[in-house]
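Labels run A, B and C following the written order; every chain starts at residue 1.
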């Protein structure tokens, strides 16, 4: 039983990463009806930006500032910078292709992702960088279940972010415009809301969220890798589908579910089976619920 | 602009026969004189693929490489093309009078001959040619699904893996003494003769595997295919990694060397021919109808579901064949080969070349493969340059470079001289 | 004259909404029947129900003594029920000739492997279909567009392509969904001629939805009026023209005081 709860905490932690990243996919789909295939790599770039900022801040202010303050500054500055990466992807890869077939936009997204990965390898080389710990890890033991404050922090911050995003989308003018866009993608521009404002905003929000996920990931698993975006990104993408395209809530829930599936599969089977079983479950779910959990009945497709 | 026009004017008169003859002469020239010419140009040896590798490694060699390329390739092709144009046009006219298949075969023989002599220079060239031809099969086969059928399938590396592993298993099991499967079951001299059977077996396995994707995703409309096929690709890769009998993550090696240059060439020609036949027949054009408007296709008596399934399986079949050839060319495969990287490469080829077009696929496969080889010393920059080119292509021509163009063999092989001149000569 | 198509007591619900109620229809060979009614009356729904796009909740549909209720659209189409669409559903990357060739799909006799290998059997049949298609194009006066992509054609020509395509399925009955929608008066006159011509040349029955009264009254020998999914009146053009219910549905209730 202890073992179970131990894994439950791990699953919540993994799920948080997936959930926060997959929200980015879902938001873009809601607004543009397109998948942002570069999102996994935006997450990777965000993590590296976070790494840079954290190292810089630590070098400059570690004497006068406590770790948590540096952490907060890192998060804020990284979110700000990473959102520009999102806007960049939108302007370069998606805006010129508004009228093009959807598959072409998918290809540009994919290619921008590859450029990010390779560019990273060229700039930083193949050495593995290690994310500096900003929060001192403290282990707790609660009735035989071990957990650290970092794990709790990851889950809490992720939930907080999602709550913030939810408020933003429900309460603000821009959030309303985004929601409207996901209902009717053609009529909203006629109402005076330019898609050229909403789309970059959505990309920026998604990128900001992904970069925070990256910092949190760096706190839990410090080793950075240019291909980390591929590893987590595609799974988060699948979670976004599973949740139902364009549904932010669904994406978050499916992200957590995927985390649970993966951790508990690894509990029962050898860990090499993780991908196999996770993707097979996804295939089965999509076979019986093609729209995902909260998906709307979109009849669009990646057609010519 | 004027220069381009004059060039166009000169070259538009040269028939395909002329080009092929020119290439043939150039290649023969290189075979006999390449060593001497490269010696006098201070090149260490005959440049492997037009000297791009040397150019990047030793920039000082650039003038000699250009001179070499000019003397060996450009000059002879141009001279033969230009000055023998009347002759080659007459030849082309002669071919036009023959049945189409005879002239096609003659041209293919000429093409193969040129390729064979070119490849005689080094084993590296043989490998590049084989891999490029396999890429052509792959690209055309994914064009059936992503172009003609207009879906977005990501599972081609998976189909390739299925084909590669099943045909390798068969050849290793039947014809070789191998550490995975023990002694050969059949005498090894049968191997090359039964190799096509093992390839077709691989193709069929891939086609059956494709049903896992096709059945759920063609029931409803939408981007399901993109996601389900992606999941399928990961499932195949991860399943093979966990199958110790197939070598697990270490992969399979020492496949018998059956995929020689002529074998791969024949398979490529066959793939192009069969796929061309299919997509130009009414049965194959039904794919376009389904893509452009499914309800209309349905009302015009097209069995849309069957059409989609058949085409998807057909595409997967050829991906399986390509996978089998790939395994026997490299003689080593591991599950890591058939991942996202491969997918990006295949998608780059088909979207660069152009959707709904066999010409486009050939152009895409050849140019991306050659570009990849040319940039080999800069493995990393390859994956900056190719994506950049692709982004630009997508922005300028969203359907790819040469899209919606049918292969017209008769026109391709025909004479380029105006019919008026026929009477005079 | 035998009955080609008969629809008995067809009722259909979309969720809880009753779209069509107790609809009956009998079409004999060679008849031209019109279906009129205000917007949203369910005319296109009736087309979709008969052609198998939706399966009706209740009722029977028989085409040439075959029960076609629940059959797939392409099966019904190949039994001899051709149709056109209200909002032109053409294949935008295909040329005109290919459109007509494509509609011969169910008449193909070669197998998939013939198509792969380009066997003489396949080529012979493809050539026959090509010839037939060219004839149809000539009949509809669009043979000069044969090699063009449909999108580049004038609107009236696109309508004719759609009709030629429907005729290529070799139908016994042709369903026309607002064949004159968006046409200029000139094009309208030509359309009437064309419909008369195919009716005479091919001896087929035609069932059409139309808004323009003059067009319907000119062409049809029998007219049904549909309001809110129910037939309120049917009969010859004269009867319909003078039917108070129809006038009411179209012009509103007359104040009789």
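Just so we're on the same page, a residue touches a chain if its C-beta (ideal position, glycine included) is under 8 Å from a C-beta of that chain, and two chains touch if they have at least 3 such contacts.
Here the structure is a predicted model, which means the values were calculated and not measured.
J.: Please name the chain that ends up farthest from chain A once chain centres are defined by their CA atoms averaged.
T.: Using the mean of the C-alpha atoms as each chain's centre, the farthest one from chain A is C.
J.: Taking the mean of each chain's Cα atoms, which chain ends up nearest the overall Cα mean?
T.: B
J.: When the centre of a chain is set as the mean of its C-alpha atoms, what distance in Å lies between chain B and chain C?
T.: Result: the chain centres lie 45 Å from each other.
J.: I'd like to verify one number: the distance from the centre of chain A to the centre of chain C, where each centre is the average of its C-alpha atoms, in whole angstrom.
T.: Taking the mean C-alpha position of each chain, the two centres sit 51 Å apart.
J.: Roughly how far is chain A from chain B, going centre to centre by Cα mean, in whole Å?
T.: 37
J.: For chain B, which residues are shared contacts with two or more other chains?
T.: Correct list: 291-292, 356.
J.: Counting only residues that touch at least 2 other chains, which ones in chain C make the list?
T.: Each of 93 in chain C touches at least two other chains.
J.: Give the residues of chain A that touch two or more other chains, as numbers and ranges in rising order.
T.: Counting only residues that touch two or more other chains, chain A contributes 304.
J.: Show which residues of chain A lie in contact with chain B when the two form their complex.
T.: Touch list, chain A to chain B: 35, 92-93, 96-97, 100-108, 110-112, 114-115, 117-119, 121-122, 230, 234, 237-238, 241, 245, 270, 272-273, 275-276, 279-280, 282-283, 286-287, 290, 298-304.
J.: Show which residues of chain B lie in contact with chain C when the two form their complex.
T.: 273-274, 277-278, 281-286, 288-289, 291-293, 295-304, 310, 356, 404
J.: Considering the complex alone, what residue numbers of chain C touch chain B?
T.: 51, 53, 72-74, 77-78, 82-83, 85, 89-94, 98, 101-108, 110, 112, 115-118, 122, 126, 129, 165-166, 168-169
J.: Of all residues in chain B, which touch chain A in the complex?
T.: 146-147, 150-152, 212, 215-216, 219-228, 230-232, 234-235, 237-239, 241-242, 291-292, 340, 344, 347-348, 351, 355-356, 380-381, 383-384, 386-388, 390-391, 394-395, 398-399
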